[in-house]
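There are two complexes below, and they share subunit A, which is joined by subunit B in the first and by subunit C in the second.
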Partner chain A sequence: MMIARLAFQSLLNRWVTALLTVLAIAMSVMLLLGVEKVRTGARESFADTISGTDLIVGARSGSLNLLLYSVFRIGNATNNVTWKSYQDIAKMPEVSWIVPLSLGDSHHGFRVLGTNQDYFTHYKFRHGQTMKFAAGGPFKDLFDAVIGSDVAEQLGYKVGDKIIVAHGVGSISFIEHEDKPFRVSGILAKTGTPIDRTVHVSLEAIEAIHIDWQNGAPVPGQSISADQVRKMDLTPRAITAALVGLKSRLATFKVQRRINNYEEEPLSAIMPGVALQELWGLIGTAETALSVVSAMVVATALLGMVTMILTTLNERRREMAILRSVGATPATVLGLLAVEGGLLTLAGVVIGTAGLYAGLYLAQPYIDHTYGLSLPIDPPRPDEWLKLGAIIVAGFLAGLLPALRAYRLSLADGMMVRI
Partner chain B sequence: MMTTASTARSVIASVAILVSLPVLAEQAEHRQLGPHVHGQGTLDIAIEGKKIEMELVAPGMDIVGFEHVATTDDQKAKVEKAKAQLADVLNVFKLPSAAKCKTETANVESRKETHHPGDKDDDDDKPGESQHSEFHATYTITCEAPESVTGMETAYFSDFAGGQLLNVNVTTPKGQTQAQMTREKPTLDLTGVM
Partner chain C sequence: MASPGAAREGKSPLDAVSFADVRYSWPGPSPFTLTINDFKLRNGEKLLLLGPSGSGKSTFLSLLAGIVVPDRGRIDVSGEDMATLGGAARDRFRVDHFGIIFQMFNLLPYGSLIDNVLLPIRFSKLRRDNALRGGALEDVAKRLLLALGLDETVIATSKAASLSVGQQQRVAAARALIGAPQIIVADEPTSALDRNTEGAFLKLLFEQSNEVDASVIMVSHDEGLAAHFDRVVRLQDIAQSQRGGRS
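After this line comes the complex of A and B, so read on.
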């Protein structure tokens, strides 16, 4: 106890360097824990993008590919699914609901998704939340569009505005469906998922804007006006993917196998949760790399602390000599410096952890709103406590290094005859 | 304007198409095969209410060490023993005792992988002919306290010397996940989805 008090008083005497050292350690601890928080937050946000959907059906492809293009709008489909197959799946007795998704067009770089009204009731995210409208409502007219909150914010759209959909998915549009503009019928509330960056229209509308096109380009002199198109048969010929909900979860694997073995068309049915797990397996290496980097930052901070104590040793020869003269044994000097290292690290760990939680508490709503990343504010998990404990022990041990030097010096200083 | 040469070519082409038509018709049968990896099996687990449904698909190589039709008495005995072992599901896949689970149905069959699940085996396999065969097992289990099913321990790897890995797909009221059980780690943690 005595040693701890002496160490504390000694540190107080050099409070500027001590404070900076503590801050360096605190920052490194914040980084170490913060990386972990962001990692789990990112995973959860990703996993939260889709919930309540039992299967996703698309053309035969890898499960990751299908998940990424159908839910995250990353990449493209290998093939389309014919409308007939879609209807066959919809008719399966185990299927409770099915929502078609049709991708391929864009609006100023935002993907356009053709779907139906069920999308707004059956698509769930973040533990079963459904989409809410910030303004307006779902599409009712053929040329109505519902836009995500990011689309509305970045392009400054309000309900009732006219928008033109472009063919293809580039942010620079070469061919536009300018003869058939859409009216914004609703704006969705922020979800923190790719929905925010999507323009939703009905499947029939997707069909309608392509009806007078051939081979991916408008045919000159053959344009069909928006009014004429309303009278035509707009049953889609193909969709990109479909979300499927089942009456009973127990049928999941059975239906999945039946779709994968569907003879009329090569299809893939994937379980979104399982595909996400595969994704974690892939990016796990990058996550490990992040953790290693943050661990190295902690090591650097501890090294800085050792340097600080070592450099001040020379100035503190007098302090040591006085301690020795009043009867402190070399072992006391050794203990003193080791405790100093431990105290600095402990302070760093406490401040770092407190700082992280304060920061999380303050920044969480902002990060959630801006990036759709919900960072969990929960107490450190067992393995994190272990890490923190290991850092304190490491700090104490690091303190031993200058302590050993001081121990030797204090002996020498005691023996030397000074002039 | 069409030249004589190109007319001739298109005539030849149409003849070629005509000739190849019957061949195409013959090829119009449906062909597809699932993956088959020795050492790797798949275990699907679906949990709803008090009911757990499981399905195991494992290559014959993993279970009995051969994939042709059993001919000798020794081989036949091996297949029968494996079927009996797999049928005792709660011994192969041990669930926590607190969940109080019991087996409702257990159905184990060994079949060629060209058969779709549920198809009847037409037993046209030629004895000794090498081909991939698989064991399919379907189970229905009920548990009085399904919330206690927080994990699983398997004797699959000690029972069957050829098994190296089980890919486990799980769907529960809380979500879906995928995990692996291996010879080194024959356990499954379900705390995240229960």
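After this line comes the complex of A and C, so read on.
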């Protein structure tokens, strides 16, 4: 008690250096906890990219590939799914709903997704939210398009603007469906998912713009105008993938097995949650790297504290001699310095933690809105408490380093310091 | 091992301190050996120990206060052989029996005057109990500071760092005196003071030492102080010092 008070008063006496040291530790603690929060937030947001969908069905391929092209719009499908297979799956008694996805075209680098109205009600993300319209509404006309918020923002589109879809998925495309322009009918609110970077059109529209094409190129002299196409049968021949919702989750494995063993065509059905976890496992090394870096920053801050205490040690030899003359043992001097390290670290940890939560509280709405990353404001989890505790213990131990030196000095000097 | 307090409450030896056949060598690359065959400080005596710098005054004080233990011989303080005590026990023994005043920089600069005066009380139960006989600790400390010539506003408002050297030495004297230790050790406490302040300081120090029946041993190179003391001893008369090599 006496020792703690003396250590505290001595620190107050050197408050500028002490404050800077505490701030350095506080910043490092903020970084450590902040990285932790972003990690959890990113993982949860990522895992919630798609929810409410029990199975994703596509042509036979690996689950990651299927997940990447159907949900993240990365890469391409190996093959298509025939319309008949789609209808067979839709007819399965366990299936509650099914949404077709047709990919392969793009608009200025943003993928174009052909689907139907059900997509907007069945595709869920982030704790079961559904898409909301920031402006306009779903497509009504054949050549209506609904665009994600990033598309609208980056290309400056408003409801009613005309856009031309390009064939293929490159950002620069030489073949465009310029004869059949689309009209923006709605703009979706920010979701923080790949939806933001997608142009949605109806499945029939995808069929319509390719009706006069064969083998990936327009057939010369056979162009069919936008008005003519409206009168034609636009039932698709094939789709790229489908999202499936089941009546009961218990049937998931059964339906999955049946689709995987579908005889007329090689298909794959994957559970999005499992595939998402698999994918996170791949990119999760980055989060480990972040943790390592922030741990190193904490170590640096503690090193700075040791340096600070060590440099003040010489001018404090007099102080230690006085304490020795009034009966302090060298062990008391050792304790004094160790407690000082502990106090500095404790203050740093407390201020850092408080600072982080204040920062989170202020910045969370902005981060959520701008990056679609929802950072949880909840009390530190057990492993975070453990980390904070470990930092305090480390600070106390680091304080022992100069303390041991003070101990030796104190033994040698006694109370007669020659300065 | 007798408890440090036993000597004070039990037998009352004539000598506050006695050195017999003491020999001590500083270890290290430039060894220095000090031999003191016979030296005594009587109870209540005010003794001036004269010696030029480098004559072994610091070593003598380290031996006296039990910071170091002699290689040979015996140092009794209040009838107790300090060499028989362990390190931590010597530290406790020191604060129980000695009040120590340095040449300068006596105070923890961040503490209040009262805090500084009460420091020994934090480490010594014996001196705490002694002080408590005079009332609440803060009051005792304040009375001592007043008696040593510091005025009330300075006591109440100042930090140690803001005091003049003369004022600092008075606070140091109050700290040495609080809780009535038997021996006040002063290492050139007046070297930074002018003649007038010096005389006043010694007068007040002795007054207060007499109040608590303490002996005073003061080390200095200044022969001009001799008039204030009961007895003057030259270090070279009681001690032989030898530099270089152990013999």
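By definition in this document, the second predicted complex is superposed on the first by the 409 of 419 C-alpha atoms of A that agree within 3 Å, B and C clash if a C-alpha of one lies under 4 Å from a C-alpha of the other, contacts with A are read in each partner's own complex, and residues count from 1 in each chain.
Convention: a residue touches a chain if its C-beta (ideal position, glycine included) is under 8 Å from a C-beta of that chain, and two chains touch if they have at least 3 such contacts.
What you are looking at is a predicted structure, and each value in this text was computed from that prediction instead of being measured.
A.B. asks: Looking at the overlay on subunit A, is there a clash between subunit B and subunit C, or do the two fit?
C.D. replies: They fit: once the shared chain is superposed, the two partners occupy separate space.
A.B. asks: Looking at the overlay, what does A:N261 touch: subunit B (first), subunit C (second), both, or neither?
C.D. replies: Only subunit B is touched by A:N261; subunit C is not.
A.B. asks: Which partner does A:D54 contact after superposing on A: first (subunit B), second (subunit C), both, neither?
C.D. replies: In the superposition, A:D54 contacts subunit B only.
A.B. asks: Identify the partner contact of A:L250: answer first if only subunit B is touched, second if only subunit C is, both if each is, neither if none is.
C.D. replies: In the superposed model, A:L250 contacts subunit B only, not subunit C.
A.B. asks: Thinking of the overlay built on chain A, is A:E278 touched by subunit B (first), by subunit C (second), by both, or by neither?
C.D. replies: first
A.B. asks: Identify the partner contact of A:V16: answer first if only subunit B is touched, second if only subunit C is, both if each is, neither if none is.
C.D. replies: Neither: A:V16 stays clear of subunit B and subunit C.
A.B. asks: When both complexes are superposed, which of subunit B and subunit C contacts more residues belonging to subunit A?
C.D. replies: C
A.B. asks: Should A:A286 be classified as contacting the first partner (subunit B), the second (subunit C), both, or neither?
C.D. replies: neither
A.B. asks: Between subunit B and subunit C, what minimal C-alpha to C-alpha distance in angstrom results from the superposition?
C.D. replies: Superposed on chain A, the two chains' closest C-alpha atoms are separated by 53 Å.
A.B. asks: Going by the contact definition given at the top, which residues of subunit A touch subunit B in one complex and subunit C in the other?
C.D. replies: Residues common to the subunit A contacts of subunit C and of subunit B do not exist here, since the sets are disjoint.
A.B. asks: What does subunit B use to touch subunit A in their complex?
C.D. replies: Residues 30, 32, 34, 44, 46-48, 51, 53, 55, 116-117, 169, 171-173, 175-179 of subunit B touch subunit A in their complex.
A.B. asks: If we count contacts the way the header does, which residues on subunit A are in touch with subunit C in the complex?
C.D. replies: 2, 6, 9-10, 12-13, 318-319, 321-332, 414-416, 418-419
A.B. asks: Could you pull out which subunit C residues touch subunit A in their complex?
C.D. replies: Subunit C reaches subunit A through residues 58, 61-62, 65, 67-68, 87-88, 91-92, 94-96, 100, 102, 105-111, 115, 119-120, 122-124, 175, 187.
A.B. asks: Mind listing the subunit A positions that touch subunit B in their complex?
C.D. replies: Listed in rising order, the residues of subunit A that touch subunit B are 47, 51, 54, 248-253, 257, 260-261, 263, 266, 271-274, 277-278.
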